[in-house]
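The structures come next, written out as structure tokens.
Shared chain: chain A. Partners: chain B in the first complex, chain C in the second.
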Partner chain A sequence: MVISSNLKEARQLEEQLLRDVARFGYEEADAFAIKLALEEGLVNAIKHGNKYDQKKTVRVVSQIDEHEAAFTITDEGAGFRLTDVPDPTADENLERPCGRGLMLIRAFMDEVSYNETGNQVRLVKRRTRLDT
Partner chain B sequence: MTQGNPKFSVSNNHGVTVVTLAEQRILDELSIAEIGKKLQEMIAQAPVPKMVIDFRNVTNMSSSALGMLITLHKRIREANGQLRLCNIQPTIEEVFKITRLNEIFQICKGQDEAVATIG
Partner chain C sequence: MTLSADRPLQLDVRQDERGAVVSAHGNVDMLDAPALQDQLQKLLPLSAPLVVLDLSDLDFIGPAGIDALLTARQALQARHGQIRLVHPNPEIRRMLQLTRLTEILPIFDTVEQAME
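Showing the complex of A and B:
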């Protein structure tokens, strides 16, 4: 799936992906985590990756089954290094209005990995099974 | 008196402005920017802003929403005002804890408690 660097398109794609997730009956907490991570990941790709450049696109590949939901989000930006992102929970950064998206993604997803360039993120949420 | 707005309602509780967020999802940047702008306009009109934001309807919230709240908090503090958050659901509370923002904001259980803590 490919969208332009447009937040409204991102929202539509997100809703479509969440409908796919819902079909497999993921628990509410899992769905919350996926929703949050998709929103943060797509906004990061459009805002920080493609810098809202309408000529650039965001590519999303999803693989959802009864065990896990995996999403790969790729933008056309220059990428970034995780080590360059300030820790938003450090005392000096606590009142900065930005910089918490990556942290929330890491907190709520089971696997988060980036390609070497830093313009692609893979997010994985394993389905919680309450009956096991 | 309650003022209508698709994204939040505003009422007055003992001289405190109570903003009840109407949407379940405070996620997307466009809506958040709109909410932030309107709330900042309200703060700017009050000599000493006293505000409670009620999250009873909110089940999802993104980092952009946190950024909007931080900016609001700063504006209110600059005006020597007070801000409280209340009725935050456990999943959203977790977001505040992970980001340590529960240490910045005063979070109360219910609306009346939040209003009562504003002097």
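Showing the complex of A and C:
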């Protein structure tokens, strides 16, 4: 799936992916985590990666089954280094818009990994099984 | 609640002599965050603004929505006002706890408690 650097398209894609997840019966907490991670991943790709350049695209690959939901989001930007992102829980950063989203997706998802360039993120959520 | 069937954001506002209650329904995603921030900042002219944000019917708020809350909080603080939150769902509460924002955005169980 490919979208332009447009938040409305990102929202539509996110909704489609969440419908795909719902078909496999993921619990609401899992769905929340996936929505959070997709939103953060797509916004970062559009805003920080592609700088809202409408000529640049964001590519999303999803692999969803009854065991896990995995998404790979790739932008056309220069990439970033996770080590350059400030700690949002430090006292001096508490009210600043820096790094909070990245921290949350690492907390809510089971796997978060980046390619070497830093313009691709892979997000994985393993389905919570309440019957085990 | 089914996040795959997103309810659009709806904000209801009521005011009395104690302050304002903003009830948020649905979702605050990347595109809704500005509307939330705008509504909260419209309440700035209150003389001693206490803004209670009722989250009991909110399914989701993303990082952009959290940033909107913080921006509104800073504006209110400049007028000696404050924002208090009511009954976020467990996932939203967890977001606020992980980011330490519960230290600056107090959470109450009910609107009445928050208005005291």
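A few notes on this one:
One rule holds in what follows: the second predicted complex is superposed on the first by the 131 of 132 C-alpha atoms of A that agree within 3 Å, B and C clash if a C-alpha of one lies under 4 Å from a C-alpha of the other, contacts with A are read in each partner's own complex, and residues count from 1 in each chain.
The working rule: a residue touches a chain if its C-beta (ideal position, glycine included) is under 8 Å from a C-beta of that chain, and two chains touch if they have at least 3 such contacts.
Keep in mind it's a predicted model, so treat the numbers as computed, not measured.
After superposition onto chain A, the partners chain B and chain C occupy overlapping space and clash.
In the superposed model, A:116 makes contact with neither chain B nor chain C.
If you count the residues of chain A touched by chain B and by chain C, you find the higher number for C. In the superposed model, A:65 lies in contact with neither chain B nor chain C. When the shared chain is aligned, chain C comes close enough to touch A:15, but chain B does not. When the shared chain is aligned, no partner comes close enough to touch A:84: not chain B, not chain C.
Once the two complexes are laid over each other on the shared chain, residue contacts for A:92 go to neither chain B nor chain C. Across the superposed pair, chain B and chain C both touch chain A at residues 7-8, 11, 29, 32, 35-36, 39-40, 43, 88-89, 94-95, 97, 100-101, 103-104, 107. For chain B in complex with chain A, the residues that touch the partner chain are 25, 27-30, 59-64, 66-68, 70-71, 73-74, 91, 95, 98-101, 103-104. Those residues of chain C lying in contact with chain A across their complex are 1-4, 6, 29-31, 59-60, 62-64, 66-67, 70, 73-74, 90-91, 94-95, 98-101, 103-104. Across the complex, chain C is touched by residues 7-8, 10-11, 14-15, 18-19, 21-22, 28-29, 31-33, 35-36, 39-40, 42-43, 88-89, 94-95, 97, 100-101, 103-104, 107 of chain A. Partner chain B is touched in their complex by these residues of chain A: 7-8, 11, 29, 32, 35-36, 39-40, 43, 47, 88-89, 94-101, 103-104, 107.
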